[in-house]
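You will see two complexes here that share chain A, one where it goes with chain B and one where it goes with chain C.
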Partner chain A sequence: MIGIVIVSHSPKVAEGVRELASQMAQGRVKIVAAGGVDDDTIGTNAERIHGALIEADSEDGVLVLLDLGSAVMSTQMAIELLPEDQQKKIVISEAPLVEGAVIAAVEASIGHDMEKVNAAAEAASTMRKLM
Partner chain B sequence: MIGIVIVSHSPKVAEGVRELASQMAQGRVKIVAAGGVDDDTIGTNAERIHGALIEADSEDGVLVLLDLGSAVMSTQMAIELLPEDQQKKIVISEAPLVEGAVIAAVEASIGHDMEKVNAAAEAASTMRKLM
Partner chain C sequence: MKELEIAIENEAGLHARPASLFVQTASQFDSDIQVSNVTRETAARDAKSAIGVMTLGVAQGHVVRITADGEDAEQAIEALRALIEGHFAQAYEEDEEG
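Let's turn to the complex of A and B:
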């Protein structure tokens, strides 16, 4: 089963999304939050993301969801700190953070592979909320 | 200037998004969080959203961003509790929560009207994070 890392500029958002997605997946998926910078203010931190990638590590890979494009550089730095064989199993998703994380968690929990999970998460961006 | 309400099933997500968006808008926009249910667990609560709508009230209207489609019913109930003339000024956005809130806050802070702010927020769903 793939692991999931939630990267946000806000520690509260990262932790809240982790809780929400975990609950939707009935706790069956390893989901790790990496939000904020060292003093828990707004920003992203490559070391913190690196730690989360290690914690969420799985042989099926780790899907990273992030809030804003400005989180991509820290995430890429965090990935580069991993051994090369692990780097290849990390995918950064284009999915919207909250909406995508919930879907990714559910899809991962039923054993779908990385490609399927990420496709479902990214499709959240075109799903309507209002009927 | 329009007001913004952040509705999430998670109190931490709502509060974190409020902080993040407020910071991006340099505190110039009234942004109110309405997350979770009464005991601060996962869910949405019409009364809490109603309170947030009143707090964010502005003659230019209030834009509501929400995390999942399942938050729409509580939000609509909350809107129906308002006087009719206020109801008309509330718009529920299709935007992705975190990504849309940041853009909405910035657009609102420069004085754009409801239509422009919501269009910009909803366009977040097609913005790429990865280059």
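Let's turn to the complex of A and C:
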């Protein structure tokens, strides 16, 4: 089963999304939050993300859901800090953070592989809310 | 092929956690399982896809049609029936919110 890392500029957003997605997946999926420069400062921190990638590590890979801007750069830096064989198992998702994390958590909990989980998460960007 | 038409009676419909539980339950079976929202006349979606089930727009009182095709079709239908008739109680064990 893949692991999931949530990267946000806000530690509260990252933790909140982690909490929401975990509950949707009935706690079956390893989901780790990496938000903020530290617990009180808005921003992203490659070292924090690096730690989260290690914590969420799984044989099937780790999917990273992030908000925007420097979250991408910091995540790329965090990935570069990992051993090469581990780097290949990490995928940064294009998915919207909240909806994507929820969908990814559910899909991962069923045991779907990285490609399928990420495709479902990315499809969340076109998911209609008002029907 | 086994088929079930059933009304969704829990307040949240087939959204969020109930949808998640529905997908997880369907995924325990090998059969091909499809679900459609009869009330909204939607096309059938893969019951093992979170995005498929969440976009059916199933609200309280809507009727869904579930079809299962495969060796464990009957067990799959019965498991999903139990989940729906039990109003997805497992999804709410931790708290009372939808």
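What we mean here is this: the second predicted complex is superposed on the first by the 130 of 131 C-alpha atoms of A that agree within 3 Å, B and C clash if a C-alpha of one lies under 4 Å from a C-alpha of the other, contacts with A are read in each partner's own complex, and residues count from 1 in each chain.
Everything below uses one rule, namely that contacts are C-beta pairs under 8 Å (C-beta built on N, C-alpha and C of every residue); 3 or more make two chains touch, one makes a residue touch a chain.
Everything numeric in this text was worked out from a predicted model, so none of it was measured.
Applying the stated contact rule after C-alpha superposition, one finds that A:G16 touches chain B and leaves chain C untouched. Of the two partner chains, chain B is the only one that A:G69 touches; chain C does not reach it. Annotation for chain A, partner touching more residues between chain B and chain C: B.
Within the superposed three-chain model, A:M131 lies in touch with chain B and with chain C [touch as defined at top]. In the overlay built on the shared chain, the residue A:V106 is in contact with chain C alone; chain B does not reach it. By the touch criterion stated above, A:A120 is placed in contact with chain C alone, chain B being left untouched. Note: residues 23, 102, 124, 127-128, 131 of chain A belong to the chain B contact set and to the chain C contact set alike, using the contact criterion stated above. Contact residues of chain A toward chain C in the complex are 23-26, 102-103, 106-107, 109-111, 120, 123-124, 127-128, 131. Residues 8-17, 19-20, 23, 35, 42, 66-69, 71-72, 92, 94, 96-99, 102, 124-131 of chain B are the ones touching chain A in the complex. Against chain A, in their complex, chain C makes its touches with residues 16-17, 19-21, 23-24, 27, 40, 48-51, 54-55, 57, 90, 94.
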